[in-house]
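Note that chain A is present in both complexes that follow, paired respectively with chain B and with chain C.
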Partner chain A sequence: METRPVINPIPPVRLYRINAGSCNGCDVELAATAAVASFDVERLGCCYSESPAEADIVLITGPLTLRVKDKVLRLHGEVPKPKVTVAVGVCPISGGVFRDSYAVAGPADDYLPVDVNVPGCPPHPRAILAGIAKAAALWRELSGCGQTLPEPAVPGSYDEDAAAPLGLRGKMRFNAAACVGCRMCEHVCAGGAIRIDELGPGLRFTLWHNSCVFCGLCSHYCPTKALTVTDQWQLSHFQEDKFSLTEQGFIPFVACTGCGHIMLPATPELLRVSYRKTNPEIERLKTLCPECRQKQSLGGIRR
Partner chain B sequence: MSGTVITLGPQQLALEEPMYFSVEVDGEIVVGLDVLAGHVHRGMEHLVMKRNFYQNITLLERLCSLCSNSHPSTFCTAVEELAGIRIPARAEYLRAIADEIKRISSHLFNCAIIAHIIGQGTLFKRVMEVREIMQDTKESIYGNRMDLAANCIGGVRYDLTPESAVYLGKQMERIKGPLEELYRIYATDHAIRTRTEGLGVLPNRDAINYAVVGPVARASGIDYDVRRKSPYWAYDRLRFQVAVEQAGDVRARAMVRLREAREAVSLIEQCLVDLPPGPLCSDTLPEIPAGETIAKSEAPRGELIYYLNTDGTDMPVRLKWRVPSYMNWDALQVMLKGQRVADIPLIVNSIDPCISCTDR
Partner chain C sequence: MIDFKEKVSETLSLRTGAEVTIEWRINIKGVMTGWCRLREAALILPAAEAVAGLEGRLSMITAYLSDSAKQKGVREIAFHFDLDGTTLTLGIELPLEGARIPSLTPLFRNADWHEREFMELYDIQVIGHPAPRRLFLDRSIDPAAFERLIPYSTFSNGANSKALWEKVMARSGNNRKELQ
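== the complex of A and B ==
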């Protein structure tokens, strides 16, 4: 039997998991990255560690409940420097659906230096791997173990351009031209990820992907489907991009052609939902505010 | 009295969730047990009162990710009861399909953990790989591997197109063989039998006294399944066997879960055959009147009860749960007494405790 000496062996980067009050969704997915061959962290040159003192990267799940806060901080403190911290799932990043609770102390970065965020609820194991890959590269840089990452054993197993798994619910997309400003999306969003502000000449729509739990309820209830679910699921990012990971849109007010009052435009999608097809009469009425439209319609009856 | 008290945490118990036990031991033997709970307490009862009914569908799906479909579907059933909505026949079948898919995944995850604790690393990975068939199915049909987002008030949010129904049927064919194989391994493998037989016994009498539910009850000879006793959705039109074992030990609980996973495959196949055409949801934005109601369902871990109180606004006045793990982990007192300290992780995991459900 011929054995070849291992050339330039790279010591594995050791990962330590902390559950900070999670619903166990992210933890079960982390278990998949330890047990399922196609998501194995060992492909990234990483391995799981049972002891915080023997770890390089910390993976935090859960919204950081008050009850576990001190335990989590103690465990995190036991990990030797330089350490890299990854927030897995939207809970440690923003609180997710559990924000504003009396029992939740988070977000985690109020207490710990977080380096990489992996939004998702729970994130796909491959999204978690992409986040771990970012963290491992950062750790190798910080620790002076400057080796590059080994090539993935299976191409595309964690690179960001890999095709999305079929049918996956990814981040939301907003089409301002279709929005009628009914605010149903804001009303049904459990994580408070959507905000619509009146801003001078129109409505400003903002969606924070780091608060969104990717349930798609906003899209389900959107009457004109201005909000749609995309298959973009690779959203891991460094902490400095935490607040810029948003979807924004602006719906400008238009002036009523009758009286000049400002109003929200009647979008082609709304007309399609309401009338299926338009005619010149509808096209004319849509430029009027409700009051002028009423007057016009009353006039029409008399005629 | 020995008086030695040790604290065991998630690391020692091979639990995914932070849960601590204060165990009183006499040498190697457990004599007393206290649960130190609350680490996953996220103030859910407070949060549901601050969110409207629509937000609560998504919030409740995150109460626990392993039984994530049971929570929103039972909540929606309660809301529909108050609003006097009868969901369309197609939605009744689609809700049952979503629940059974989650049941298979949840049971397989527990079987994987049991293998991991016994020290059968290869079997652990094998069960997790088999479970991936279900994970792929959930991802392709619902768009997420854990949280399906299948329910809305008045019905369901997803549909099975002819193609996706064929795909689901094929996936069920794919998983049948592996499920049979796992059942045979857990039933006959010598190493597994040695570790699980006669361990953590919950006698039938104690099971009744502690009012345990789900696979824990059925493994102790209690023939109780909400799907059979008070059928909901499409379950009155589906044929299935309630898996009951008599031994009440760790092995019996694992066998009940594996038998239920096989039954779930059959239930999904029946649903695919019988799936009626028609609408998915009866009323998209119904008014919810004031009132109170109870809804229950058979979650993977057992009977899940929802109490809902409303006042005519779009937020609940009160929402209260009785989750299956709450009933089951009290019975650990009986199962663990007189057992060896080294067997605690196996016995604790044999009730498939869901801490995030119980701590909320």
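== the complex of A and C ==
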């Protein structure tokens, strides 16, 4: 009888999934990492475990609602140390669209140590894989199981260079030079991820990716398309970068050439949207504040 | 149309034994609505009987405590009826304390939920309700919840967002050079 030699029996890193009040959006994407071959966690040398006591990595979805908080903490406590915790989706990271609800206790890291965050609403399965890869590497380091990860079966299945599927809504990009400071993005942002602060010399735009739900409303309503949706899905990061994962921009005020009052600049994008193309008269008027423009208009055009 | 308006006013006046004036408004789409104030709470029962006599229905009842009414020392309640597609709203001022209103449930069965709801949310007693049991709140909670308690969402007042954003702004590492 012929027996095959056992090749490289690296024990798999076991994943345990906790739903902390999720809408199931992230859980469906997690199901893809178990059931769809191209997103399979087995490529990373991981497998799902049904028992917290046998797990190495905990994946948490959901904003940690008050109703499930104690159960989640108990289950998380049952996972033996060293364990690595991954927050999947913006809900466990920042509360997402459920933040400040009376029914939400989270963010999760107020109650348990989180090591890796995978923002998104939901994150793409590949983003989840990238987060799990980070977590698995960290776990192997912590546990002393120094084996390196097996190469993914299909190169590029979770790395950043892989082409994004057509129409994927990923992280938002901000172009300060096109922004007119109307604050519509801040108003429509479903996840409360955008804030605009008025500082002395101008406006500061900040978008926190860990609260962004990729809905694209900001871009949809932006009159000058200063905000655009990119297909960059890779946003998984270690906990220490949680609060610095932002997109920032600064829109400096300019002085009116008529009265010297400070005002927001009329950007070329705004002029293009308003007039399609510009002319010397528009170029001159755009340096004036509304009041000075009004005075000029009442006084008649001087050519 | 004039007949309809007169008929409604006449029937209401006759039943309530008081002069009832209805202000009719027509909006831009041509939809007519009637607005009327009743002098006292007890008049709502005969008024509702009049509406029932005109084959009208009860749409809903709204109890509310506006700041302006509160300053006047009163609270308000509005009964919205439907008369073949035209909404007739009867508003009544009630005292802030010890408000009492007759139940319309024996006349319109759908008044049941509205009455049970405003009984637990506001300090209004409903007289003659066939089964005045709780609608939403647990029996251990005293009535007039809206007047005594602060909603948790108001109480927390975005505190979580505020705390998170403070950390984001402190650590986003981009407290910009333009400012320096």
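Keep this in mind: the second predicted complex is superposed on the first by the 294 of 303 C-alpha atoms of A that agree within 3 Å, B and C clash if a C-alpha of one lies under 4 Å from a C-alpha of the other, contacts with A are read in each partner's own complex, and residues count from 1 in each chain.
Convention: a contact is a pair of C-beta atoms (placed from the backbone, for glycine too) under 8 Å apart; a residue touches a chain by one contact, two chains touch by 3 or more.
A quick note: this is a predicted structure, and the numbers were derived from the prediction, not measured.
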| item | value |
| --- | --- |
| Combined model on chain A: chain C and chain B, fit or clash | fit |
| Which of chain B and chain C A:Arg195 touches, first, second, both or neither | second |
| Which superposed partner A:Thr246 touches (first chain B, second chain C, both, neither) | second |
| Partner chain(s) touched by A:Tyr102 [first = chain B, second = chain C, both, neither] | both |
| Touching partner for A:Thr206 - first (chain B), second (chain C), both, neither | second |
| First (chain B), second (chain C), both or neither touched by A:Ser94 | second |
| Once both complexes are placed on the shared chain, angle at chain A toward chain B and chain C, C-alpha, multiple of 10 degrees | 50 |
| Per-residue touch tally on chain A - higher for chain B or for chain C | B |
| Chain C versus chain B - closest C-alpha approach in the superposed model, Å | 7 |
| Overlap of the chain B and chain C footprints on chain A, listed as residue numbers | 100-102, 104 |
| Chain B - residues contacting chain A, complex | 10-11, 16-18, 38-44, 46-47, 50-52, 54-59, 61-66, 68, 109, 112, 124-125, 128-129, 132, 135-136, 139-147, 149, 152, 157, 284-285, 354-356 |
| Chain A - residues contacting chain C, complex | 94-95, 99-102, 104, 107, 192, 195, 197, 199-202, 204, 206, 208, 211, 243-244, 246, 248, 250, 252 |
| In the complex with chain A, residue positions of chain C that touch it | 151-153, 156, 158-161, 164-165, 167-174, 176, 178-179 |
| Interface residues, chain A side, partner chain B - complex | 19, 21-29, 31-32, 35-38, 50, 62-63, 65, 67-68, 71, 96-98, 100-104, 121-122, 124-125, 165-169, 187-191, 213-217, 220-221, 229 |
